[in-house]
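Notes for the one structure printed next.
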Amino acid sequence: MSLALAPVYDGLERKIRAAIHTRIGPPILQTWYDILKLFTKEIVVPVGGIWYTLVTALELLTLIASSTILLHISSYGLGKTALLEAVTFIVLTSIVTTLAIVRAVSQNNVFSIVGGFREFSLMLSAEPFLALSFLLLASGAGSLASKSIATAVLAISSYVISGRVPYDIAEAEPELASGVNIELAGPLLGLATTSSVLKKLVSATLTALALTSFVGLSGFSSLMAVVIATPITWVTHTIVSTILGRSRVDLAIRFLYVSLFSLSLTLVLSFGLGL
Amino acid sequence: MKNESVLSNTVKVLEGLGAVVEEVKDSEVYLRATRESVRAVAKALYSSGAYLRTCAGVDERELSGMLAVYYIFGLDEQGVDVVLRVLVPEGDPWSASIVPDVPAADWCELEVRDLLGIDFRGRLTKRLVLPEDWPDGVYPLRKEFKYDEKPSRVLREELPEEAGVPVGPYHPALHEPEYFELYVEGEKVVDIAYRGFHVHRGIEKLAESQRFTYKQVPFLAERICGICGFVHSSCYVMAVEKAAGIAVPERAEFIRSIVLEVERLHSHLLWLGVAAHLLGYDAGFMHAWRIREQVMVLAEYLTGSRKTYGINLIGGVRKDINTEKIDRVLKTITDLRKEFTELVKAMLAVPQIKSRASGTGVLTKAEARALSVVGPVARASGLYRDVRKDYPYLAYRRVSFKVPLYTEGDNLARLLVRVDEVFESIEIIKQLIDVLPDGSIMVEEYDIPPGRRAVAAIEAPRGEDVHFVITGVGRPYRWRVRAPTYQNIPALRAMLRGNPLADAPLTIASIDPCFSCTDRAIVLDVKSGRMGVIRLK
Amino acid sequence: MSIAKILEIALRTGRVTRRYPYEPPLLTPEFRGAVKIDPSKCWGCGACVKVCPPNALTLKPAGKEVTLEYFVGRCIFCGMCAEVCPAGAIEVTKEFELSSASLDDLKSRVIHRLTRCSICGSPIWTEAELRTVVKSSPIAEEYTLVCPKCRREKLVKAAKLRLGAGSE
């Protein structure tokens, strides 16, 4: 079901972005139309043939699995999650990223390779912090203060993985002519687009989950809270991405390392000191 | 002429080096130099503070029996053009190159070599303008070549594959086909190779052909560029009017100036939007173009068309301005100023824009001077150059305005120069409307004697646009257009080297490249039968 | 904070894009679109053809007729033809939605019959031109139906006769 909702949220994002741009914008279902249209085109497979197709499809499937787990976690409430589930989520998300990078670097196209390296550096500066904060929050331990810091780290790093401005560096159109996705077309691009929309959903859900966990719900009400909070976080992400410009890969990495590292350090210290 | 004594001293020095004064006009001095002495003369001229504006090759065999190269220098301080003419016999066509002393002449000499077949000694030469498959020995600018002639292609050896990040010919960052090959080490650009002239349309040759008359060329000139078209058409008519000694009514000059400034507004707003888009800040792009839309509507209301206004004719303009139009102009620019101020504040507050634009794509003052760059690129690197101040034309003598000057030479400086220029343009338009004189807008009768020459220049939004005209019978004998981007692109090498790859699109865009303007000298499009795969890099 | 100023500006401005073509386009009264030639007024003189920069207007003679063809595909909408037309036959409209699947839709023609010289048979001018000239200044018919070359020859012959050169 989340698979069906994500493109609608994306359509909403485009409408809101258009409003900030003083435009009318595309209809809300436009992302769905785009994805469906792509699947009606002829299948064009770049270097790597069937292997490439499998990797792209696998990326999507893994993402679906990871978002499902996230929802499952939501139905428990973040603080009461089994460690195994939390770790599975992290592992799955990392696999998704790795697959994307492998896919990009496997092409014989300069733009794709440069995009892949940028994606790699960017992920390296966000995912460890994502994992750290998520696991800490999932364990349920720590004071209100440390939980807040962890939520902040989670919010920033999950925004980074959502692939939006200022961190859409890997597919920067003016610089890399759509970078990692440059060799994709037709149904394969449809798969990749669905993946990117789902990534945005995971990112919004993560933040929604962390925020609603402060209320301390569990079971069905926790799930509902997350489902309602997700589009709200999505809209916040939209507004942030519209009022900022694209960062440069070295500037982005520097910023992320400085901010996330210091926050995480504070987090770990506060944990260790039992605050 | 200001500072006549400085000018006559300079001329004396040049005469001492072998130049002969041919003609002295109001703001132009024509000197003839021999092909051996031209390098020394050019060096002396350049070191006396002149900037190279352009050089033009002319097939003068019908006039003087020889081929000619005209080097057009500009003495900004005096507001005078100094033109060096070098005659070259057809049977032995070579001339000494001035590039070792005046690097700014690099491209225009190569263009003369390609199109007229004059060889330049003392420098490295290569094919610049003509495509690789153009046959040798066929020189499009020579009079025997018909403008619609299509020589058959010549297959050449496959050129080696070069490594590098290609930016072009078709790339989302570029609006017109250009080809930059960026040689990178990791994310750092170590060198660039540039290949342009993909959209060479043969406009200069076309204007010389039977197909065109003086009256029709302004419309052709307007289509040299889709953004600064009016600049080109105004510059052309100004050059012809100067050459033929036609006195244009004052009101027409004012109308031309007003429309020129309106064009500057729209162009800078367009550029600002594009720069924002390249930095990922699409909101800036949309808002800048929203504001620009008002200028486009104003232009349509004033001239009848949103772009390619079509109001310039030799001897004046076609459309008049009434009080309604004046009110509309005032309203538009007042609203514009308010909205623009807000937008710039909002844009510069975005951290990514500030951090990515400052300190990147630096062009030092020395490099800028050596290459004679023009426009905002020059003014951002500390060169105080503006045609409206240095060689006042049309109604600019009657208004006062500031010329923004920055010294950092980075992308942010170029951005700020353009922002300041928008505000100055608004002031200029207000002043022009205030002192708009009455009278006719078109000269009733005029005569264009053949064999006259003139240089005219206008400050386009991108910089100095130079037109050189030699009048013929019924149509120009030779028309040379040097658009500002032509002069600025060679500076990109200095700006891109040693900088991160990610800055390349912004740097390239920061010179506000208008490739349509740049590639417009000679016959194009060899569409005759393909014989095989031709590698066009 | 000023970074969010753009939101405030957007809120204040609303939406500026239009749902064209479901809404009418924005045109000012000065807009120049395609031109329309009134066949009843046109003389077929060719002044517009001479002035047209892209050769959108062409005069094609074909036997007894000459056709003034206006090809919108080449037109640059400068309106110079309307300015120079001595008959006032050309009107600049505001039409710009001109695309069509058939090239012929873009061409409009005014066909003029040519009057021919009663002596040598070569075409002189169009019937419309003739009508206009006759209306504005009365001329003897023998002049209007004779081409300038033949008229000259006739004059020379008559002069020779008068000067008594005798018959040839």
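Going by the order they are written in, the chains are A, B and C; count residues from 1 in each one.
We adopt the following convention: a contact is a pair of C-beta atoms (placed from the backbone, for glycine too) under 8 Å apart; a residue touches a chain by one contact, two chains touch by 3 or more.
The structure presented is a predicted model; accordingly, all values stated were derived computationally and were not measured.
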Most distant chain from subunit A, judged by the mean position of its C-alpha atoms: C
A-C compared against B-C, more contacting pairs: B-C
Whole-Å separation of chain centres (CA-atom averages), subunit A against subunit B: 47
Subunit A-subunit C separation of Cα centroids, rounded to whole Å: 63
Distance from subunit C to subunit B - Cα centre to Cα centre, in angstrom: 35
Contacts with 2+ other chains: residues of subunit C: 3, 6, 10, 13, 16
Where subunit A touches two or more other chains at once, by residue number: 20-23, 242-244
Residues of subunit B engaged with two or more neighbouring chains: 283-284, 287, 290, 350-351
In the complex, subunit A residues that touch subunit C: 19-24, 239, 242-244
Residue ranges of subunit A touching subunit B (in the complex, touch as defined): 17, 20-23, 110-111, 114, 165-166, 168-169, 172-175, 177-178, 242-251
Subunit A-touching residues of subunit C, taken from the complex the two chains share: 3-4, 6-7, 10, 13-17, 19
Subunit A partner contacts - residues on subunit B that touch it in the complex: 164-166, 171-173, 187, 276-284, 286-287, 290, 350-353, 355-356, 500-505
Residues of subunit C that touch subunit B when the two form their complex: 1-3, 5-6, 9-10, 13, 16, 26-32, 51-55, 76-80, 83
